[in-house]
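Okay, so subunit A shows up in both of these, paired with subunit B first and subunit C after.
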Partner chain A sequence: MMNNPPHPNARRGRTVTDQDAREISRVEELSYELKVGEVMTANVKSVTAEMKIAGVLEILRQGRISGVPVLDAGGEIIGILSIEDVVRAMERNHLTAPVSEYMSHRLITVSDFDSVVKAIKTFSEYRVGRLPVLNEQGKLTGIITKGDVTRGILNALQKDYKEEELRRYRASHLFEDITSDRTSLILRYEIAAKDYQRGGEASSHIKRALLRLGASPQLARQCGIAIYEAEINLIIHTDNGGVIRVQIEPHRILMQTTDTGPGIANIEQALTPGWSTATQEARNMGFGAGMGLVNIRRCVNRMELDSTPGKGTKLTMEILLRPEERFREEGDPEAE
Partner chain B sequence: MNLQTLITDLQLKTYTQTADLENIIPSGGYASDLLSCVMAGAKPGNLWVTVQSHLNIVAVAALTECCAILISEAAEPDAEVIARANEQGVPLLGSSQGSYQLVAALSQRGIN
Partner chain C sequence: MKVEQLMEIVEGTLLTPQAPLNREVKGGCGADLMSDVLASIHPDAVLLTGLCNIQVVRTAQMADVRAIVFVRGKTPPPETIKLATEENIPLLSSPFGMFELCGRLYQAGLHSFEAPVLHDDE
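Moving on to the complex of A and B:
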């Protein structure tokens, strides 16, 4: 870190957490997703080239705005008059001059269907604070300022955040909101044989579901690793694929995979670290280290492997949740 | 040392569009081409060095919470791998150097 000068954009005074980083990149994403038309100010005031500066000053003052587009008789934009131009006229005591004398003719515009990022780039490239927005026909439809961009992105972020909060809230209170003698949530995934490309997809979904339900990151990771290995086993070893079934209960997570063959001839051997029957194809991709079942055993409280050659294999993995890890149920005292 | 500095220093390729690489500081490193070893051995925040470049590495990195994958020996990930990595927020880096050279260089820079 010693030879590492601070990045010009580095935020000083506090460490940026993963959460921050995610939000920052979401802002970038939004600046691509949001269109200029969605954040601009529409129905803008405009002036004509023949109007006197004094009249424009009044419009700016009343509307509390810092610039107006100048339109010709046909409604086409021909320039822009900003507060700075008005100040120049005032300095020369020339408020009776027509707009045409002081307006900026350099027309830098954006389209209403451009991404907000285009507007941001244009602001910095031309060092301007406001841009007239034109529609596809080249007619003025609004004005965009840096303030509009900030407001637009903040609104979109807030909307995102509310939706996510609501989803999280609903999911994390699932076990509390449902009354039964025993509530469990079952997730089921069908895994195709030899579908290496999708390997890990089901386990990623399961990990995410657990986080949504309010599981600790460690617990989600532990389940994710166990189920990943089981998922990969279904992909590389089975004849016809298999099924992953995850049963989530307030006090435990029960994960099972079942398949229809070929079955394991020697279970003891299969449980030996480094032993694998994986094909060369699978090994080339980094599978078949002979560590899968060993990894699973490390992650779960109970692992059972039942297999009949020619019939199929059933792998059961159970994780018992420690009291502080349990999902809250109806009637549980409020956590701190 | 943060990822952006490593990328500049070791002239790594970046395949993904991760924002704020300056703010990602690897907690350590892990090197293996055997996915189960990575599942067992990689710690959250580790930079994972591997020659594998197929789709499954993204799932492995996401599940083990690796901060990035560094693909060695100029093995190019295909477009689908890059898309998945972007989707899962896993930075994908690449180098023409071998894993041994990369690990040595990372270690010299305090990533152990």
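Moving on to the complex of A and C:
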């Protein structure tokens, strides 16, 4: 197990992680959700079939674009002239030729209400780099390139990210937004005995929740370390697992673990640095330093350990928030 | 020093290709017992360890560890790498032992982030 190669499914030298998979599937989703009309370039320049190539070259250069649609007198699209066509004309020293001689008559278009994925498929199917976009009436409304698609998807992802920021912002104002005489948020987790693999998961959720609520990194770390030690104790020592309950209030964080046994025979001893009853299995996992409760005590303002052998243990940890650390309540002055 | 620089000093192989390498590491801690790490470590440290299980990453996450270096060429199991990737914690595997790694990093100017055990009379 320990000597497994790190990338069993290596593809191009690296594993596709869950996070990658999430991001890839989000991009896929977006390419279905986004419409061509949302990512295309509108108000595109166009040329007529009678114009000289030299004139088009100037338009391409000034607009820094790589192709233009060709319209007839009625405004209907009749072709497209790309930089490659211009290059062909230049090679033959034929810049005075009219557009009609070099333009591509093959008209491959997409509709502005097609999904972006349709455009992506059309790019690869016809090996083209740009597509004129037509509206329902068949009139030219814009041009879409691979660059437009990439930009459009990146912008949409960026918007997702802003929405996450907004959620975080809302969470951090939870206590301000709710009016009550006493608001508290309670998080509850059930912890299974001997489940080393998932050990720390609850603590990780708690730490993240605190950060989301706007706790300082130091406060989140302090609570995280204390509750992680307590969670590991439930996993290592209890017969049937236990429960973590975290009560978050504007002025304090109260964390409790309760279990149904076996209980601690000698609390005094349990609190001595370096003293441990951890099994060899737990020690192999890196626990059993005999520092757990000592660590917890260091991280919290108040620690209470109640235990009855044969009945169970209740560990209470309270952290009082300093005025500058408190979660803002309704009616607090806006100023930091 | 940055994680990138640390990687050169320990001649480490990066096991988490997406993890950020531009973060600042301010000190170091070498331990195989996770409570020892939690008891002493300051934020923004590098953790040198011989322990490869998933709890190393959990511990690192709780203690705001910036990078984990596995000693003596140890490679952690896939679930450890997966969690570290999700949590954005760089994992490095170094061919050197704990003693040599501490020496190399200390010589490069990295301070110890290990604190003595505090008894009740703290």
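We take it that the second predicted complex is superposed on the first by the 188 of 336 C-alpha atoms of A that agree within 3 Å, B and C clash if a C-alpha of one lies under 4 Å from a C-alpha of the other, contacts with A are read in each partner's own complex, and residues count from 1 in each chain.
Note that a contact is a pair of C-beta atoms (placed from the backbone, for glycine too) under 8 Å apart; a residue touches a chain by one contact, two chains touch by 3 or more.
Since the model is a prediction, treat every value here as computed from it, not as a measurement.
Student: Report for A:Ala289: first if it touches subunit B alone, second if subunit C alone, otherwise both or neither.
Tutor: both
Student: For A:Glu28 in the superposed arrangement: first (subunit B), second (subunit C), both or neither?
Tutor: After superposition on chain A, A:Glu28 lies in contact with subunit B alone.
Student: According to the stated criteria, A:Trp275 is in contact with first (subunit B), second (subunit C), both, or neither; which is it?
Tutor: After superposition on chain A, A:Trp275 lies in contact with neither partner.
Student: Once the two structures are fitted together, what part of subunit A is touched by subunit B and by subunit C alike?
Tutor: 1, 4, 20, 196-197, 199-201, 203-204, 207, 217, 221, 224-225, 228-229, 232, 285-287, 289-292, 294-295, 298
Student: For the complex, give me every residue of subunit C touching subunit A.
Tutor: My answer: residues 15, 17-18, 32-36, 38-39, 43, 49, 51-56, 58-59, 61-64, 74-79, 81-82, 85-87, 117-119.
Student: Give every residue of subunit B touching subunit A within the complex, in rising order.
Tutor: On the subunit B side, the touching residues are 1-2, 4-5, 18-20, 22-24, 33-37, 39-40, 44, 50, 52, 54-60, 62-65, 80, 88-89, 110.
Student: Looking at the complex, which residues from subunit A come into contact with subunit C?
Tutor: 1-6, 8, 14, 17-20, 196-197, 199-201, 203-204, 207, 217-218, 221, 224-225, 228-229, 232, 273-274, 285-292, 294-295, 298
Student: Over in the complex, which subunit A residues touch subunit B? Could you list them?
Tutor: Touching subunit B from subunit A are residues 1, 4, 7, 9-10, 16, 20-22, 24-25, 28, 196-201, 203-204, 207, 217, 221, 224-225, 228-229, 232, 285-287, 289-292, 294-295, 298.
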